[in-house]
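Before anything else, here's the structure in question.
Order of writing sets the chain letters: A, B, C, D, E and F. Residues in each chain are counted from 1.
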């Protein structure tokens, strides 16, 4: 009996010894240097692998951040400043703060605002449509309404309103990763600063045609008349190619331009109710369903 | 002839994954891509052959003479763990690409039941290859082990091919990932039952 | 953290079978009947609790390089103990579970919990985690065994309620995979609805 | 944090863990050794008891080997009343070990399956009550054709498990040969 | 056995309804809208201004890059505007709008119908003349012909291949010119042979145009180096890679130009334009346009001045029939659907096709049933079903490149033959563009 | 004039659609179906009806209530599956067996993978194999339930020729002895044979269906021809080596499900390889495995398993056997 126990002990201890010695030697012989910080950074990242940072997923981000001398040019839109700060601390650097942003759709050409001129009969994708022609309405610049941006959004933050033929961003869910901006063939999505209390003013149109043509194509188009730019006391509005643009960093949210715009192309969102009775919003409340597709 | 029977039996008829239920976790885990699956099968084959060799010798030249067969589990797993870690360290140095591909699963080979499972089967079970029940000798053991590993490789490679194709398909959401993989495995097991009785 | 919550987490949120998808081999290999599944589950539970406790006690003393081998030796020792005990006092169960008893050593759950939980937490918490996960495993195996037995042999815990056989495929290998797949789907739908 | 991985640390830790574990195991083993052996013996004894007529010796102590098979003679007050013969045969899924009990006159008293790895639900039924066993009890292989009906014999196979049934009957046949040999030796 | 290419291809119903309609000269209208983007490559730059007087054949746009060419006025009159106008896809393109006044031609243009066989020019002179005449490929792509006829110095042309296959259903403009103007075509080919300094020329014509084969064979008998080959009917035989394979058995490697295997392919219409440019000094200002469709009462082949609005051509056949649901510029397989019927013809416009909803409306898309029809149909040996699946997942550019999506010639065989009516080519076209872009960026980086 | 349609080229498409292809398969199955109705009477009708209805119903219910997607039972693919499932069962099968098979085929094998075109395995075959391993007795019971045309039914009860041969061999007989004891004439095997699944009764009817599918260009001839060829060659060689225990080519081709399997099941688009190279490997594989199982395996019939086993290789074949690419050629080939 005792011998069995002794054999047991001897046998196992010898095995253990052998094991550790051999492993140690092998480990010494085949040593590989690896930057352990990559793993640390990766573990800090949200792991959504959305590519919103412009790199091929979170691991690539971690590798590049570690390699780079400063993290200034890196930003993870999903994790936001909080995560960037953590990474910065982990790497012993200062984080750069970025204003929180949100995607806005610079077009409001719903079915009742612009008429269809032809009927697209191909694969329902904005990219496919844009590769073939200017679109199924008179406006060559507006939303094609096939929802490429919807399907590319990893956060379910953008939705196609089938009845009105336009996409809408869910501000709560949008993390400003920019995937929709990249995919939209008409380049009508912009990441704009969220603004104080989420309030912002922007031109919800991308039409660069001359006023008359734009007007004919769509009833809420920006016709480049310039009234808004004139009325703006802060020089926040510029007109280029018959299209107004509001610089968010200059805009003080006074909303004078909104009343000035003859076509209701300027949008103000998240202001107290009073303003919600602008013609735009009225229309939002009574959507006229007219999808002829 | 006996070796052929051993091989056919271990690869097809009593496939280690599809009918013995060994090594399922890495089977499900490392089968996203055919290339990884191939790498994994190579690693498993290597580790299995090596560890069965070692454990066979350990069993018959240490444990049995000393009368401490009950130490099987502990000593076998220690040997296997050591081997795997060695392979891991060496692989990391020699082929970082393969190391990257197999990722965290290399250490998991240790906890791959099929390595320990086959090592135990070989020394504990009687087999009926070609003749009446008997214990395997060293040569047979190694051939059997390698055949088991090949069977594992076959199953995981076919499976990885299927999963690659499934990635292109529109699987209903709740079934994505493990459930569909299990269903595929189940149907593969069903298909492999066709080999029943061949040896 | 509440001990009870730890245990319940192990059963639901970290369910080894339905969520973590670990320890698949015994899950599939021993569940031809509800009783077999339960036996396997309990054996694993036993090892899991003891090894979790031991490892959380000694984790701080172990150098990084030999962490895994040390854990494995500890786990293997407990498994062998279970093995010997079963062999001595429950020989018939020992025989049905066969090779899957020694294979508890390599059950990813045991090592997984050691790595993921026990080596960072206190002995008591680790024990609770072990109990929770072990129970989760046991319950899952029992359900799986129950379903397979029900469909495959037409019996419930050994009590036969139909004449003749059931749908044999369910106690063969294919049935194991397929039933588990559907149980996971069911588990996912149910827990998703709750969440 | 864990200790640093120096060579000395590694070796010592692992050795100590191995030492403690093996000591523990050795003790448990010593404690369970007896019950394990008892359990194994009980299994054999139960099987023997089930397959031979009532006896008052301890057949497992008088075990002998004949033609490679293990034979347990059952004696009533010193006279042989039967034999339990343990034979190996190979079934559908691997080896099958059965015990066949003969009365002294050569008729089958009973049979028992000690171990098998047949398919659950199919061949595995040999260890439950199966038609085969009840059909052969009381028969003498010397005078009956104990093969499955498909092979022209008189035994109904287990449904869909002809292979297992054949293996079983082959085992019975082997046991009978051993029995004949035993008779000759006497 | 007649020759053809070996992999893929389909047999759509021919419908050559207009093949017996003689070429009629389409009247000159009041206003011409001449696009500056009539060729592949950089658009031309206007050289006239509002109010300028122009004659027929006068240069109004000049090339702006290596792959670019001249644009000439197809009418005489006053420039009314130089402004962006919608092309047939509705996208804004610079146009020169000319109010037509009379029909005054530039003096150097020889308008006689006589056939001039003599080719007194050197290779360089020929190329110069072709360039100055703004000749582009009329086979569809409108690639500037002088560029194609001037291969890089390290590549040696061995064959000139004249593409008279006209493999698309419905279109008959090439058929008609081969039957009505065979001599000019053959001389044009001889001119190009001289420009390329090659001594072998194949003229490939599909067997469904027996009259064209006869007339071209007769005309080509003057030139021993020219060989007219009748080819089996199969779409897309006219694709240059397929035609080269059918005629010479050579395969143009992936991503390479035909010159890689020593071939230069030109359309019969181009050949005619080259003849007129070199022998008659006439720039490319008009071309033959087939107007047809099952729903159209009259099937016509018009010689149309460049810059004629589609709507006006439709008026000439009595307006668009009420059941016409789609206008296609070009053939039914490769042509572009017209979104803007006020757009006007270009140099390479070959047909105006009217299809009814029943003929053309896409059927509802089903699941791919892996029938393999698309694979069997693809003349490039690709797997359209796979390209489709990979594309839809998104981001699988490496895999798509491995599957050689860049080899797709956009022939449409796959979409045509899919029983599940999956819009294969719609999807492949977009991914192909993306993959090619990635490949280009990569080679630029290197 | 209505608004213009706009789309990318091409502007024409084939008239066929999924439904018409499936309809052609059903038409091609008609001769076999008629023969089996003639031979098995009401039970054949019953099995096919139950098969079709339960497959269609399962697909409908799953699409409508579980997946909540568009219901596409109109494409007739479930009908084909149901029909083939029924044709693959013994004529004496009870109706509930077909229902279980249909639930497995459509519910597990087709819909969980996403429906038409996305499944890896042949649904009808998995259904059959599932039943075979679950109900081995029922699935190998070849008694003929009734017959509408002959009275000497007794002559035709009993196992399939393959089963008889296998049993005989297992009992230690040689083939010539078995053949002597049982009459399997080529004529009977070709026109109508007893014993076997509902759909494999008449080789002639199956071949008629094959010809129809070829004429309608629904399938390419490669798969059936290569499978049958492989089986013929392999069994030919074995038969030459030892005619006592290895059955010959004619016997192997015209008994059991080889024709039904190779014409209708191995050709299923969804579960067969896409390229010709792949198809060749796939078909040879099926042939070889069929023969191996028939000669050496536990089952007398192997084509169902062989097709399923080769189904598992299809993704790999698709990955590594690409069609003959145009542009592979190097310069001046």
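In the analysis below, a contact is a pair of C-beta atoms (placed from the backbone, for glycine too) under 8 Å apart; a residue touches a chain by one contact, two chains touch by 3 or more.
On a predicted model such as this, the values are computed, not experimentally measured, just so you know.
Looking at chain D and chain E, the chains that touch each of them are A, B, F. For chain A, the chain with the farthest CA centroid is D.
Taking B-D and D-F together, the pair of chains sharing more C-beta contacts is B-D. In whole angstrom, the spacing between the mean C-alpha positions of chain B and chain F is 33. With centres set at the average Cα position, the gap from chain B to chain C is 21 Å.
Centres computed as Cα averages put chain A at a distance of 46 Å from chain B. In this assembly, the C-alpha centroid of chain B lies 61 Å from the C-alpha centroid of chain E.
Annotation for chain A: residues touching 2 or more other chains are 4, 8, 11-12, 15-16, 19-20, 23-24, 27, 117-118, 121-122, 128, 131-133, 136. Contacts with at least two other chains are made by residues 10, 13-14, 17-18, 21-22, 25, 29, 92, 122, 163 of chain D.
Shown for chain B are the residues in touch with two or more other chains, namely 68, 70-71, 74, 78, 81-82, 85, 169, 175, 179-180, 183, 187, 190, 193, 196-197.
Under the contact rule defined at the top, the touching pairs of chains are A-B, A-C, A-D, A-E, A-F, B-C, B-D, B-E, B-F, C-D, C-F, D-F, E-F. Chain B meets chain C in the complex at residues 18-25, 27-28, 70-74, 77-78, 81-82, 85, 107-108, 110-113, 115-117, 120-121, 124, 174-175, 178-183, 185-187, 189-190, 193.
Chain C contributes residues 65-66, 69, 73 to its touches with chain A in the complex. Contact residues on chain B toward chain A in their complex (touch as defined above): 62-63, 66-68, 71, 74-75, 78-79, 81-82, 85-86, 89-90, 92-94, 96. Those residues of chain F that touch chain C in the complex are listed here as 100, 108, 130, 133-136. Across the interface of their complex, chain F is touched by residues 34, 157-159, 161-162, 164-166, 169-172, 175, 179-180, 183-184, 187-188, 190-199 of chain B.
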